[in-house]
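Shared between the two complexes below is chain A, which pairs with chain B and chain C, respectively.
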Partner chain A sequence: MLAVARKEIAGYFKSPIAYVLIGVYVLIMSIYFHPALKAGYGDFVDVLGDIGVFLIFIIPILTMRILAEDKKNGTEVLLLTSPTSLPRIVIGKFLATFTVFLVIVVISFIYPLIVVIFEGVITIQLVGAYIGFILLGAAFCAVGVFSSSLTENQIIAAVISLVIMFAMWIADQYAATVGGVLGGIMEWISVLSRYKVFTDGLLTLENIVFFLSFTALMLYLTVRVIERRRWVQG
Partner chain B sequence: MKKENKLRKILTSKSFRYGTSSFIIVAIVLALFIVINITVPLLGIEWDLTPEGLYTLSDTSKQILDNLEDEVEIIGLMDPTKISSQSSYYDVIRFLNYYDDYDNITVTYVDPDTNVGYVSQLDPTGALDLSKQNFVVRRVKDGNTRAVKYYDLFSTYVSSDTTFEITDTGSKVENAFTSAISYVTRDSYSKVYFVLGHNEYSYFDGYITARDVMELNGYDVSSFDLRANMEIPADANILLIVNPTIDLLEEEVKLLDDFMNKGGSMMICLGAQETNEKYPNIQKFLDFYNIQYNYDRIKEYDTNSYMASNQYYIFPEIVGSEATLNVYGNISYLLTPNARSIRLLNKSKSFLAVNPLLRTSSLSKQEASVIGYDSTSGAAYIGASARSLATECRLVVLGSTDFMRDYILVNNKAYEADSSKFFIGLLNWLEGDYSRVNIEEKNYFVNILSITASQANFVAVLLYVLPALILLTGGIVYLKRRHL
Partner chain C sequence: MIEIKNLVKHYGQVVAVDDISFKVKEGEILGFLGPNGSGKSTTMNIITGYLPSTSGTVEVAGYDITTHPEEVKKRIGYLPEQPPLYKDMTVTEYLSFVSDLKKAPKSKKKSELSDIMELVGLTDHRKRLIDNLSKGYRQRVGLAQALVGNPKVLILDEPTVGLDPKQIVEIRRVIKGLATDRTIILSTHILPEVSMICERVVIINKGKIVAEDTPDRLSASLSKIAKLNLTVKGDKDKVLKTLGNIPNVRYVTMTTKAEDSVFKYVLETGSDKDIREEIFYKMAEIKAPILEIRPTAATLEDIFISVVSSDGIKHTEEE
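Now for the complex of A and B:
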């Protein structure tokens, strides 16, 4: 599992893709942090709340090749016949994309550091917001891995994951319009309202379990999709 | 026969068996996912990480709700499923769940759009002036009702530029609902009257915020014209005289004396004025309580005791006494702009307990504002309380009106919470009720940096250099490996 993850991580950093995605995301964070800094405020919690939406555009590009490329190159057969079990391979691939995401998280620590340097306060609310941000990233990475397992075309994989993430993000907006039971269900699957709870300063077991179980579900479905292909192909 | 064989072949095929078992397993996993995510919220495990305690009921609220004997309904005039998570009401609905956890409290929502006529059924006289997205708190046994509206729930700041953008600066949700519950479950109310007839401020002019604060804390607020009616309402518990610009008549003072002799309570606020008006009759009234106003305006020279921009915007020290018992030590900065000093007389009156409330620094100066009076310097009192041991009447005398004036509070939002706390603390003492709800507004935490403009610009450059370096590294990697 770790060998798979290591190989994929090396693949990311031997190509410009990881640098471009990390660079663009850090640029977005700087753009959002700059006005607050200029006004003399150091509230990075709000910044984390605002930039979550951009993961919808970054993570599909990060994950689109993770399984689709193997399928296209025909190397998927090698993976399926390798001594490593399929779930371990999928988790290894997921860990690789998640690690690249975590690099973004680690680089983002520079902003709270600036806050501390200029006598601002790091509140425990920021820790909660980071937990939410990491869980959101994990869930989106899992969606990306799942989407990548569905097709050999990387662009289609990226579009599928973008559509899924976008639908889960905006479900809350339409939930308020739809209302009733359907609205309730839409709000339930909305990652925006759940992520907002973290950045608002409320850490709930409900939302932690939702993101973790959703990530696990996506990875499980990925395994099923690949296994199904194995059986169909005989 | 052929068909049967075909069917059997399909049913016993490896792909069918795999497909079926796979479908069942996926369905089980999905069901497990749903069950887990329905069950876990029932545990209600959560941690409030906000510095303001935005998702925590205060001990005062818990105590009130634990001791609640009456059934209380909180009715939200809205469909909660149609409230977006981005709406301020979303947080209100979330907070109301903490109230709903108590046995005697029921939180329900009724959408007036789909239940036409419900609002008029709830408020037949229209006195509550209800509209969609308001809340109603009602004691079930007698329908004693109180409305909670947006401005009761949030402190707001209106931008002074051309956009007039409204920003929420704090949450009063807990204050609003606990106070309303406390209010509707009371069997009697304290009536506070603003005395008018001498160009005073009132609850509809200059002291609107004060009215809101009083109502949130369970007081009924009204006013009457003493000069015109020459009568004090029989149901008055507390009288407020705020910034009269002309003196009271002797007959009016006589009425106030009578009111006080019957155990009444009164607060008089008279700040520094830019007129030569003197108040001999008010002074005569106060003389009985060993308190006198001075005709001056206080200027602070202690840099810790005034606002940086204005030496007349002072922060007096709160003196510990029975009247400040509830607030002493809980107030950081009480802003009292344009204050005048008062002096305590030494006439021997054993039936009186007189205490100073507020004191300026020893570096302050009292600049005479009326011709014929001298300026003085040194520490001075700008507030005092008096209680008669004989009649139990209570009096608060303040040398500041601006500390609760709308204009000052709007322009110095950071000090509003402390001013309100001080004001309500004195009112509670006047009423003699220390058990009254006094839940602080929760001002949203603002992380202020100690950073100069040039430092901010330098850091901003670094903020953009960092992603540029990362992108540059990506470019180098691409150039190095493009032929591999």
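Now for the complex of A and C:
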């Protein structure tokens, strides 16, 4: 499991992918942080709330190759005939993408630090907002890993995960219009409204459980997809 | 060491492997022959646990692949048809990753990897990116990968494909050397390879075993088939007719036109009787000079066709 994760993390930082994605995201954070700072309140909680949506564009590019490439290059055989079990391989792959995301999180600590240095006010809500941000990243990484297992084409994998994430992001806006059971499901799956709760400074068990179990579900489905393909492929 | 019983694999409606059973003893090298699409790679993929079988069992060292996949996978080194290489890694990085993946003991990793690289001749290339290696060297990396973790069973799917003649000789020597304390299943298209390396041969066609024997006995039963290449000057219709009338000639055809009124023919005889003299006199009769007469060694295809058409039929009759 850790062997797979280590190898993938090294792979990310050997190619320009990780640097470009991290760089772009840090740039976006700075763009959002600047007006907050200028207005004098420098509250990073709001910035975290605003920049969550950009993960929809960053994470699919990060995760698109993670399983699709193995399938395309035939290295899947190596993984599946090794004594490391399939769930462990999938978790290892997930951990690699999540680690790159965590690098973004760690770099973003610089903004609250700036606030502290210039004797601004940091609220305890920031901790909650960060927990929400990390959980959101984990869930999106899992969506990306899942999408990557569906195809051997990286672009298609990226598009699938982008569509899933985007649908989850906007679901609650249309939930009321749709109404009924479907509307209920859309409201339940909406990550935006759940993420908002975190950035409002509320740590609720329900939302933490939602994100964790959603991540686990996505990884479970990934294992099932690969398992199933072993049976039907020719 | 390896026991395969009534193995069946369906891909939807297509039957890729149809009730195959065979055993491989400890320390034995088994040659696995068959044309493309005969189910060779599928069988190997099932033995290594990459694909599940539709029915039947595979046991390696007493462990069943479906109930104890990890115990089996620990004992197998697999070189698939296409070596599973990460091109963005160097040879050492890649083999080190494979070692971790196979849960090989970490303390001995460094010495183990350098031994393996020495054995397959990769030491000078250990710091090179796999992407920059030639096909032959990638094949060596694939073989090295299979050896990591010192598995007692090796499954090698066409290990010498893409290598130059010198490398082929080297790799064959390596494989032969490995066999002292390992069990090996090796698939190939090259017949001399089988007689050089393998102690026993299994030939499969359309998912069924059509022959199983030692290479010597197989070739003995096949030496009956002889092919002659002829180059004859003269009218081609007349030559074809005359050749066709010689007894024991099973089949004759004109292949190419070499020069003006010079044609090349391929001729197949049904018995082990040498008919070259007879051809000489017959051609002399019609005043068509023979410019070249050359027997061809039986290729895998010939042997294969013969096995399918004789032993295969006998086999079904016995049933």
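Keep in mind that, in the parts below, the second predicted complex is superposed on the first by the 229 of 234 C-alpha atoms of A that agree within 3 Å, B and C clash if a C-alpha of one lies under 4 Å from a C-alpha of the other, contacts with A are read in each partner's own complex, and residues count from 1 in each chain.
Following the convention adopted for this analysis, a contact is a pair of C-beta atoms (placed from the backbone, for glycine too) under 8 Å apart; a residue touches a chain by one contact, two chains touch by 3 or more.
Nothing here was measured: the structure is a model prediction, and the numbers come from that model.
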item: Comparison of chain B and chain C by chain A residues contacted; value: B
item: First, second, both or neither for A:Trp231, with chain B first and chain C second; value: both
item: Chain B versus chain C as contact partner of A:Val77, first or second or both or neither; value: second
item: Chain B versus chain C as contact partner of A:Gly179, first or second or both or neither; value: first
item: Contacts of A:Lys14 with chain B and chain C, given as first, second, both or neither; value: both
item: Partner chain(s) touched by A:Leu203 [first = chain B, second = chain C, both, neither]; value: first
item: First (chain B), second (chain C), both or neither touched by A:Ser85; value: second
item: Doubly contacted residues of chain A, that is, touched by chain B and again by chain C; value: 14-15, 231-232
item: In the complex with chain A, residue positions of chain B that touch it; value: 14-15, 18-19, 22, 25-26, 29-30, 33, 36-37, 40-41, 43, 45-51, 54-55, 79, 81-87, 90-91, 94, 445-451, 455-456, 459-460, 463-464, 466-468, 470-471, 473-475, 477-478, 481
item: Touching residues on chain A, where the partner in the complex is chain B; value: 13-20, 22-24, 26-27, 30, 33-34, 37-38, 40-43, 107, 110, 114-115, 118-121, 123-125, 127-128, 172-173, 175-177, 179-180, 183-184, 187-188, 190, 192-193, 196, 200-206, 209-210, 213-214, 217, 220-221, 224, 227-228, 231-232
item: Chain A - residues contacting chain C, complex; value: 2-4, 6-7, 10-11, 14-15, 73-85, 230-234
item: Footprint of chain A on chain C - complex, ascending; value: 11-12, 14, 16, 45, 48-52, 70, 73-74, 76, 78, 80, 82-89, 93, 97-98, 100-103, 145
